[in-house]
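What follows is a set of notes on a single structure, which appears directly below.
By written order: A, B, C, D, E and F. Residues from 1 in each chain.
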Amino acid sequence: MGEDILMDIKRDYVLSRLGDGERIDGRKFDEFRPIEIQTNVISKAEGSALVKIGDTQVVVGVKLQPGEPFPDAPDKGIIITNAELVPLASPTFEPGPPDENSVELARVVDRGIRESEAVDLSKLCIAEGEKVWLIFIDIHALDDDGNLRDASALAAIAAILTATVPAERFDIGNDFPLPVRDLPVSVTSLVIDDKALIDPSRDEISVGEYFMTITTDQEDNIVAMQKSGAYQLSEEKFYELIDVSVAKARELRQLLRDI
Amino acid sequence: MGEDILMDIKRDYVLSRLGDGERIDGRKFDEFRPIEIQTNVISKAEGSALVKIGDTQVVVGVKLQPGEPFPDAPDKGIIITNAELVPLASPTFEPGPPDENSVELARVVDRGIRESEAVDLSKLCIAEGEKVWLIFIDIHALDDDGNLRDASALAAIAAILTATVPAERFDIGNDFPLPVRDLPVSVTSLVIDDKALIDPSRDEISVGEYFMTITTDQEDNIVAMQKSGAYQLSEEKFYELIDVSVAKARELRQLLRDI
Amino acid sequence: MGEDILMDIKRDYVLSRLGDGERIDGRKFDEFRPIEIQTNVISKAEGSALVKIGDTQVVVGVKLQPGEPFPDAPDKGIIITNAELVPLASPTFEPGPPDENSVELARVVDRGIRESEAVDLSKLCIAEGEKVWLIFIDIHALDDDGNLRDASALAAIAAILTATVPAERFDIGNDFPLPVRDLPVSVTSLVIDDKALIDPSRDEISVGEYFMTITTDQEDNIVAMQKSGAYQLSEEKFYELIDVSVAKARELRQLLRDI
Amino acid sequence: MSEERPQLIVDGKRLDGRDFDELRPIKIEAGVLRRADGSCYLEMGRNKIIAAVYGPREVHPRHLQDPSRAVIRYRYNMAPFSVEERKRPGPDRRSIEISKVSREAFEPIIMKELFPRSGIDVFVEVLQADAGTRTACLNAASVALVDAGVAMKGIITAVAVAKVDGQLVLDPMKEEDNFGEADVPFAFLIRNSRIESIALLQMDGRMTVDEVKKGLQMAKRGAMQIYEMQRDAIMRKYHTEEVE
Amino acid sequence: MSEERPQLIVDGKRLDGRDFDELRPIKIEAGVLRRADGSCYLEMGRNKIIAAVYGPREVHPRHLQDPSRAVIRYRYNMAPFSVEERKRPGPDRRSIEISKVSREAFEPIIMKELFPRSGIDVFVEVLQADAGTRTACLNAASVALVDAGVAMKGIITAVAVAKVDGQLVLDPMKEEDNFGEADVPFAFLIRNSRIESIALLQMDGRMTVDEVKKGLQMAKRGAMQIYEMQRDAIMRKYHTEEVE
Amino acid sequence: MSEERPQLIVDGKRLDGRDFDELRPIKIEAGVLRRADGSCYLEMGRNKIIAAVYGPREVHPRHLQDPSRAVIRYRYNMAPFSVEERKRPGPDRRSIEISKVSREAFEPIIMKELFPRSGIDVFVEVLQADAGTRTACLNAASVALVDAGVAMKGIITAVAVAKVDGQLVLDPMKEEDNFGEADVPFAFLIRNSRIESIALLQMDGRMTVDEVKKGLQMAKRGAMQIYEMQRDAIMRKYHTEEVE
C-alpha cells in the first residue's frame, strides 16, 4: 500500500520536473550517470568485470570450458549468456527460475555480443565437429537502481575483453587471450511521451518501463535493437533515439578502450 | 458462477432429452459427428494429419530422427507419443507441463498404436544396439468440442500412414514410407446410467466425464481399453460397448483406407 | 485449528513432565525406544533394511549399477543418497520434489556413511576413469513418529551391510558383497533448555525441532555432526551430547553386528 | 540385457506352478502405521505394497476445497528400489495415469457428500514390484480406507487377467506380464458380498472380443477370493483392537 | 548437417522469385475455432499460425487480478513438429521473450480499463514455421482479438525486413533469415487506416543507421498491404455471420 | 584433472604461511547497496561475499504470513562463476541445506515477535568461493542485519576449524578443505562481547572427541577476532553516516 503511494508521488515528481524540461537528478536528457568499470574482480572466472552506473551494480563473469559444437557450425565456439536477477539486487526480484525479465536481459546482451561478432568464434575450435570452447557469460545483478541492461552489456564486453582461454588447465595447448574483434555498446533510453531519457534511474522508471535499447558496433553500425514495454513509439522519436544512441555509444566505447 | 449455472442448464437439457431417448444434436446413440481427415498438412513433419470430428479439431505431427534403442530391444524403432492440451483449444486448458488428462490422452493413443503393432518397428533399426529410428507422435489439440481422444487416435494413425522415414536427410540411405501393418481405431463412448453415447460432444459431456474407450485392430481384436472417469460400469453395458465399438471402428477404418 | 490446540496441549504436557525430570513415555533421557532391524526385505534391491524405532519406520534400499566416475576420483565408486519423505509417512509431508527437510536428512545420513568410509569405494572401480559402481542409497520413510534421522542412518548402514554387488547381471565378473569397513551410527537428541532427550518421539518434538545429531565410527571418532533447528546450544550441553552419543552409538552398533 | 522370451505355460501349468485361474499367495494386514488414519500392508506374490489414508481433513490451499463434498486424492508411487533398474524418484507418466484411474475407481464409492470442504488422501507406495502393482495397490487402498473409517458404498477389489501363450490366466506375475500377449487390470465394486460393477478397466495387448469377455468372468472369480482376504484382514484388525 | 550459404539474390530477384519489397502469399481466416471467443488461422508464406482469444474472463488465482483494468496474457508457442528438428514441448527462452514483447505490443492498444479484474488471453500456436513467425503470430492475434470483440484503439500489423546479400528485403523467408545479414521485425499500430506508431521493434544482425531507416519505410509499406488483408478477413467473417 | 594430495603443513606453517590458529585476511564493509535495507560486502581470504537484507516487509502470498511474528528467509547462493568449474544457476542440494541451517542460526536471535505478519529476507551471494563460504556468508549476513536496523539479541559470528595433516587449524582455505581430514563450521551468538552459545554447528570428516572439543575452543578465539572486525565495519558505517 504505502509502497504504491510512494510510487505515485515519485511518478508525479518525475513528470512535473519533465514538464519543466528537467530530470530529477539534474542530468541532461542524453547524459549517463557516472560509470565505473573494474575488471578481473573474480579470480575464479576466466574474465570478469564489475560495472557501476550510478548506484546500479552488476558483475559479469566469463567461464570457458571445452564442449561439443553445434552441428551446423562444427568449427565455431559457442556463447551461452545467462542473467540472474537475484533477489539481493532489488525488492522486486524473487528467487526462482529466470522470469521473462531475466530472459530478455540475457538475450538482449547476448545479441549485442553475437551480432557484432565481438568474439572471433572461428578461433575457438579445438577439434572440428568434436570440441570447441564454450563461453559462459553470466550476468549477476547486485543492485538495480535502473538500467541494469546497459550496465550488464558493458560488464559483459569488459569481462570478455580481459578473458583468457584456459587451455592449459584442460591440457590443450597454451592459454591465450579470448580473441575480441569488436566492442558492442548498448544504450537504453526511457521513452516518455515526446521525451527520451538516456540511462534512466530507478526513480525515473517509476513513470513506466518504456525502454528502447540500441546497440552499435565500433563502426556505428546497429547490431541489436529492442523495444521493451507497453508503449507506442513514434517514428520521429525512433530516429532521434538512433542518433543519440550512436553518439553515446562512442563515448562509452572509449571507457572500454581505456581498460 | 454464470459458467456453473450454464453447465447446470446444459446438463439438465441433455438428461431430459436422454429421458426421451434422444441426443441433443439429433444423432443416433451410435453415430459419430461428421469426420474429416486431411493429411500432409505440415510439410516440416515427416507425416501429419488434421482431423475434425464435428467442431473438435486436432493436428498430429510425426517426426523421425535417429537415436539409441532401448537395451531390451536393440533392433527396434521407438515410439514416443506426447499430447499438448494447449490453452488455445479450450477455456479449461491451462499453460504448463502436461497434466493427468494430457498424459492419459497420450498414453491411450500410444497404446492403440503400440499394441496393434501398427508400425513395424523391426524395420526401423539402423545399426543394431546403436541406432534406430525414433518416432515422435505429437498430438496438438486445436479445438476441444468433445472426444479429443478419438480425433487424436485417428489423426495419429493417419499421420503415420502418410509418413516418410527421412533417411536421406541423415545420410543413411534412401527415404522410405514408414512401414504400417495395422490400422487401430479407437471408439469412445459416454456412459450415462443405462445409456452409451458414442463420440460425445462437449455439451453432452456436461453430464460428466464418464468415458469408455475401446480400440480395435483391423481383425476386430481388442488392442486397448480405458475406462476413464468416476463412474461405475455394469457388465452388460461393457459387453454392449465392445460390440458397438468394433462395429464403428470398422466404419472409421474405411476412412483411413480412403486416404 | 483443533490441530494447533492439540499441539499446545501436548507441548505443555511434555514440558510439565520434563519439569518433574521425566519423559512422557517413561524413558530415561538417554534411552532409545525399542529398535528392530530387518534386512533383505526388498529382493529387487541389492541390499535393504526396514528399521523400526518405536513406531517410526523407514525402509532403505541400496541399488548398484555401473556408471562414470567423477573426474577427480577416477578409480572410486560413487555414493548417491536420496530421501523421500513420502506423504504416506506423516500428515505434514506433502507430495512434490524434496524440500529442505528431505535434503538435510539425505545429506546427514550420507555424511555419516561417506566420512566414516564405511564403504571401501576403492574396491568399486570397474575400469579406471571409465566405469565404476554407483551406489544408490534410497531412504523411504513409512511412518514418522519422531527421529526418522537415526532410523534412516541405521537402515542405511544395515542395507549396505547386506548388499551384494550385482556384477553378474552386468557381465562384469562374479557377484561379491559390498565391501564394508566401518559401522557409522548416528544419535540424535532433542535439546530443550538444559535437558537433552535422546531419540525424541513425535510427541516430544511438539516442543520444537531442536535437534543435535552426532555420528561416530566404530573407534568412537566423530565423523559427522549436525545441529538442526532454531535454538541455541550451550557449550556444556554440546560436550554432554558428545559423550552420551558416543556411548549410545556403541550400543546400537552391537545391533548391526548381530545382523 | 536383451531377454529371451521363455515358454510361459508348460504342461498346463504356469512358470510358478499355478493353475490358469489361480491367484498368487496374498497377505493382508490392516492398521500397520501409527501416523496415518488408516493403513494396510499387502503382499500379492512378490509385490509389497503399503497404503495410508489421511482424512477427512482440511484441504490446503483453500481454493481446492469443494463446498459440497470431499476432494479425493490418490497417489500411486514406486520406491526407487522397488524395481530391477533403479527408478528415479517422483511421478512419471505411468504413475500419473495409474493415480488418475485409481482415484476414479474410488470416487463414486466414497460417500464424499458427508465431508464437505474436506480432503481424503490415499497414498500408496510400491516397495517391491512384480507385475499387477496397480491392482495390488487398489486392494491395499481399499482396506486402508475401511481402516480409516471412511464411509463407502462398498469395497474395491482388483485383479488382472492376462493372455499368455494363447491362454487366459489370472493375476499374472512379472514374466507373464513382460512376455504375454495382453494384460487386463480390473477393479470391481463389491457390495453385500456381490460384484456390482466395474470400477476400473484398462487393457493393452491383443485379445479377441470373446477372450475379453471370458477374462472378465475369470477376474470376477479371482476378485471374490481376494475380497474374502480383505474382509479377513479388517476383521482381524477389529478383533485385535477389541482385545487390546 | 552443416549448410552451405546459398546466394540469396540472383538477377535482382529473391530465391523464391519475389521482388525486394514483395510479401509472401498471405491467407487469413477469422473465426475458425468453436471454443475460443475469437480466433484466426493465418498463412504467411509457409508459416501456418492459429490464434485464439479468451476473455474478458475471470482471472485465477485472484491475487493476479488488477482491480482497475484487464490483465493481458500472450503466449507464443511452437508445435513440436513445426520445425525441421523436433522441438521439445513447452516454453524456451526464445518463446518467453517473444511472448513478452508481443504482449507489450498489444497492451497499450487494448482498452484494458473497460474490463477491471478480468483477463484477456491471447494464445498463438505456430503449426509450421518458416521465418517471421513472431510477426505472423501478431497479425493472427490481431484478427482473433477483433473476432473476439475486444475493444481496441486500432489494429496491430507486423512484418519484418531483412538485409540479405547487401540488399534490404521485405518479409524474409527461412533461407534469408538463416543466411542474411540482419533481421528487423516490426509491428505497427494502425488506426483509421494510418500507421500511427511502432508497437514492436527488435533487431539482430548488422545494418547501417541509414539502412535501418529505409527498412522502416519498407516495413510500413508492407504492413499496409497486410492490414488490408486483415480487414478483408474480418469483413468476410462478419459477412458470413450476417448471411447465416 | 585428478589432483595430487599436497603436504598441507610444512615446518609448522600452513601452505599460505599462516599459523595454525591464524585467520585469513578479512575485509568487511557495511552498507554497500542502495536498494537493500541493509547490506555488507565481505572478503575472507579469497572468498568474496555480498549480503543484503530486506525487511521487515509484507509477506506474499498471505498464507505464508505468521500472525504472531516475522517470517525469516535466508538464501545462500553461489554465482555461476564463483568456482573453478562453472556452477549451474539455481539452488542445489548443498545450498538448500546451508540455507536451512543458516536461517536456523539467526531465527532465535532476531526479535521476530516485534514484526508480526512481516518477513525479513536475508540474501547472500557468493561471488568468489575459496572454502568456508557458509561461515563467511553468516558473518556478512550478520552485519547486513545490523545495517538494516533489525532488532537482534546479539550478533552471529562464524568460523570453521579443520584437521589437516593431523593438526587442528583455524579458518581453512580451499586446499585444506579439499585434502584435510575434517571440517567443522561453527557459528556463535555473541552478546555483550561474550560468546553465549552455539548457533550453527556441522561437521564432516573424522576427529576424536578430544579434537572436537579443542576445535571448539580454537573457533571461539577466532570468532572473537572476527567479531571485532564486524563491529568496526558497523561503526565505520555509522560514522560515515554521521559525517555526511
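Keep this in mind: a residue touches a chain if its C-beta (ideal position, glycine included) is under 8 Å from a C-beta of that chain, and two chains touch if they have at least 3 such contacts.
Source: prediction; values computed, not measured.
Repeated interface: A-F and one of A-E, C-D or B-D share more than half of their contact pairs by residue number, and that pair is C-D.
To fit its Cα atoms onto chain B, chain A must turn through 120 degrees, a value rounded to the nearest 5. Set against the C-alpha centre of chain B, every other chain centre is closer than that of F. Work out the mean CA point of chain A and of chain D, and you get 58 Å between them. Rounded to a whole number, the gap between the C-alpha centres of chain D and chain E is 51 angstrom. Chain centres here are Cα means. That of chain B falls 31 Å from that of chain E. Listed for chain D are no residues, as none touches two or more other chains.
In chain C, 98 are the positions where the chain touches two or more neighbouring chains simultaneously.
In the complex of the two chains, the chain B residues touching chain E come out as 41-45, 48, 55, 57, 59, 61-63, 65, 82, 84, 86-91, 95, 97-98, 136, 138, 140, 142-145, 202.
By the touch criterion stated above, chain B contacts chain D in their complex at residues 71-74, 98, 100, 103-104, 106-107, 111, 114-116, 212, 217, 220-235, 238-239, 242-243, 246.
Contacts from chain D toward chain B in the complex involve residues 1-3, 93-94, 96-97, 99-101, 103-104, 107-108, 182, 184, 189, 196-209, 212-213, 216. Of all the residues in chain F, the ones that touch chain A in their complex are 33-36, 46, 48, 50-52, 54, 57, 75, 77, 79-86, 89-91, 121, 123-125, 127-129.
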